[in-house]
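Two complexes follow with chain A in common, the first pairing it with chain B and the second with chain C.
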Partner chain A sequence: MPLPLLLPAVLGLVFLILPVIGLLARVPWATLPHRLTSPEVLDALRLSVLTATAATVCCLVLGVPLAWLLARVTFPGRRIVRALITVPLVLPPVVGGIALLLALGRRGLVGQWLDETFGIALPFTTAGVVVAESFVALPFLVIAVEGALRGADVRYEEAAATLGAGRWTTFTHVTLPLVGPGIAAGAVLCWARALGEFGATITFAGNFPGVTQTMPLAVYQTMESGDLDGAVVLSLILLAVSVTVLAALRDRWLTAP
Partner chain B sequence: MTLLDAHLVVERGTFRLDIALTVAAGETVALLGPNGAGKTTALRALAGLTPLSGGHLRLGDRELTRTPPEQRPIGVVFQDYLLFPHLSARDNVAFGPRRHGADRRAAHAVADRWLERVGLAEHARRKPRQLSGGQAQRVALARALAVDPELLLLDEPLAALDARTRLDTRAELHRHLGAHPGAALLVTHDPLDALVLADRLVIVEGGRVVQEGDAATITARPRTDYVAQLVGLNLFRGRGTGTHVEVAGGFALTTAEAVHGNAFVAFPPSAVALFTRQPDGSPRNTWPAVLRDIQRHGDNLRVRLDGPITVAADITPAAAAHLDLVPGRQLWAAVKATETRVYPDL
Partner chain C sequence: MRTLRAGLALLIAFGAAGCGDDDTSAAVTGQVSVFAAASLTESFTTIGKQFEAAHPGTTVTFNFAGSSALATQINEGAPADVFASAAPKNMATVTDAGNASGAPVTFARNQLVIATGKGDPKTIAGLADLTKPGLKVALCAEAVPCGAAAKTALDAAGVKLTPVTLEQDVKAALSKVKLGEVDAALVYRTDAKAAAADVDAVEFPESAQAVNDYPIVVLKEAKNPAGAQAFVDYVGSADGEKVLTEAGFQAP
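So, the complex of A and B:
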């Protein structure tokens, strides 16, 4: 094996693994059970799981039809729509948060109308966290599901049509079950992205314990206040969740058609 | 009584399909042709899966030219069956009745009845991947028939099966097609499927109908090289003047019956006799030929001969040994006038 390839490869691997080892080495194992069950940690964890799950549901409801549209319907400007969907993917999340504020904030483009008409204010609320997380995570779901739809054989849908199924019934009874594994993989990816969301959340929803302070925000604040052990414990939880998601994702990916 | 009356025109790039089709109630018509002839395109156009560029489609007294596929009373058995992989055999068959308004229980009853009829009652709970090729084919047939289609379309229904299963399935399919009260159209490139399963053959080449009729007419009087090859005849097109037909290259074939004007001459490879020297006597066609190649054909050998006309000839292995057949060998070929069939090229 050529050394010019082997050496950087090994270095790259070490570079990826070393920080995780560093984190694990600093875990205060003795006080861990006590810290894990502290109300602050549990609050942040509960809020994170809750908002990430809600964001995933939002993404599924909006993203699956969007993916279907991109994969199955030919319309003018389809390529532009697909490009627009990837914007949140490359946009720095903090910028996303500011953009959300300008659109959905109390003085925002749509936010002002929402506030005046329905009395709905999203910024600095738990719902705002869900909005911020959905904004960043939606592209992941759309791209994953569109890929699954493109990979699925449309002739099954044609067979359904010859048996009398309209487009909606075909979608619910044939397409969805066929791309189920792909949607599940997309949802897991989406959930993981929502769980780790930081920039857009802190900008759009703020950092209020119990209301908008999710795990990544709690890690940041704990670290800032000088409690390194606390930050390590919170990080450990996120790490554990990430690894679990990775394992689940790998299985899904292998069984996907 | 004509049930299906269709004129299908589909244009796609440089390919143009333009065929007229009629099928009577209770009749099975085979659309036979080489790969790329447009058979599957015709089937998809009938099912509504490919839009027509022109023409019309009527089934009974219903105009279906622009009707979406889900509203056409047409069932399709696809080439690779396309059974829904996530549904059991029973739910696959029940899928159609459910979409046609039957409740779950009624749809399952219909499905069970059909699975019983195709002999798969005990496999109702199996998923498609647990079925053999022949079983999947029967489930696909049951699924298409469960909605009582007025027109049943079958796309190469036996192509995906191995030889043994094919034989059984062909016989069984014949039985079900006989019991089907509506019209049936079978798309195939296998002449045997067409001959066994269909009442009438429509031969398609290059997007057009080149010949149609019952099996006897088509096998006796092929009109294109493709059909002649299918039924195993040597075929020549020429101009008849009495009992002489002049074919391409100025060669004249003597026939037993007289014909005038454009005509076809056909004779089977078994009618060609080979000699090392020019034979004489009896009213026959003789010409010098050169052996191109030789192949096993059943118990006999089939040789292909170049010369003024290119023909295939069947000879016995004993005769082959006697003639010392090697490619390039100079021979004399002979065909009796009484062994030829001559018919006008309309």
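So, the complex of A and C:
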């Protein structure tokens, strides 16, 4: 084993694991059960799971067709479209939040019209949280699914077409089952990203317990108010949820071809 | 350590000898890191520039945020020389943890107003109007001084209010009004004044019962204690008071 490879590899591993150990070392085990069942914590957890799941559904509905378009249809400007999709991926989420406010806020480009015509104002609502999370998580799903589609053998689809299946039938009966594991992997990634979303959410949707205060916002606010133990407990929950989801789905999906 | 202390004493002695008339400003040089409440953003930035001009060779760097966040950061070991809080409670977080050097001094007082959109489009005249149906109000989180003051004022007025958001510092609450995302926010008079181009300030009588004292202190772990003390002295000087008064603060 060459040392120039082994040493940085081990350092990298330690670097990734050490902060988690630091977190676990500060967990106030004695007061843990009491804190875990406090209504504020349960509220934030419920809201987080709900919004992350809703955001994942939104991303699936919009993202799978978008990925299909990018992977299967040749059209002018496809490269530009793909580049545009990756913008939210590299954009700092807080910038995304400001952008969302200026587009969908009460005085925003489209938001003003939404407010005047339908009386819909997204900021400070749970729907606003879902919008913010979807904005940040959608590129993850699109890229994962597009990758799966490109890796799938198009000959199955061609065979279906020669047998008389239309494009829609081919998509639902051949393509979807073929890239199912890829979609599921993308959805897990998307859900985890939505669950951890902070910057866009606090900027666009604000911070109010039970309505827009998701777990990451609760962690931040608890830490800011000087309650380190409380922040550690909330972080521990997020850590446990993320690890559980990844562990539960890894064998089934992430290692699938 | 002993040599360091001796060196420092020598340095101070030299400086004092060099300048004569003013002991505290004499040895002042280098960087002074000031952690200050968000509501001090404008006034302390001005005071910092004046301080640098009065003490050539110094640079003042600021970290403006909610006082509760700053107190947490200081107690967790953030490198700061001076802490200026918007309320004694958050100062106590730092002094109780033994992280202050000496006792804090109150240097200013501030009270709340209702910040509304320009021209007060929703005709808000007092706290009771904030409960009008459909009206969106931003408050500071209760851990932050502006949030604690808002709670005191609302309780005093007997007004039960459900805000749409609890912001982490007063500037964040104010920006939601500026953006037009909320119709009103409870902010300090000084913040509304600094944003007078974008917001109107509505005074209300109950704010007199929620006046915040602003304490300032040199921190125990200060890397530049001489500079820190000089900055604290400058804030309390006639020049400092002038800037604060012009910003809308009351003298302590």
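Heads up, the rule we're going with is that the second predicted complex is superposed on the first by the 243 of 257 C-alpha atoms of A that agree within 3 Å, B and C clash if a C-alpha of one lies under 4 Å from a C-alpha of the other, contacts with A are read in each partner's own complex, and residues count from 1 in each chain.
Assume a contact is a pair of C-beta atoms (placed from the backbone, for glycine too) under 8 Å apart; a residue touches a chain by one contact, two chains touch by 3 or more.
If you're wondering where the values come from, they're calculated on a predicted model, not measured in any experiment.
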| item | value |
| --- | --- |
| Touching partner for A:Thr162 - first (chain B), second (chain C), both, neither | first |
| First, second, both or neither for A:Gly226, with chain B first and chain C second | second |
| First, second, both or neither for A:Gly105, with chain B first and chain C second | second |
| Touching partner for A:Leu178 - first (chain B), second (chain C), both, neither | first |
| First (chain B), second (chain C), both or neither touched by A:Gly63 | neither |
| Touching partner for A:Pro123 - first (chain B), second (chain C), both, neither | second |
| Contact residues of chain A, present in both the chain B and the chain C interface | none |
| Chain A contact footprint on chain B (complex, rising order) | 47-49, 68-72, 74-76, 78, 82, 84-86, 95-96, 99-100, 143-144, 147 |
| Parts of chain A lying in touch with chain C, wherever the complex brings them together | 101, 105-107, 123-124, 206-209, 211-213, 220-221, 223-226, 228 |
| Interfacial residue positions of chain A with respect to chain B in the complex | 153, 155-156, 158-166, 169, 173-174, 177-178, 180 |
| In the complex with chain A, residue positions of chain C that touch it | 66, 68-69, 71-72, 75-76, 93, 136, 138, 141, 143-144, 163-168, 176, 179-182 |
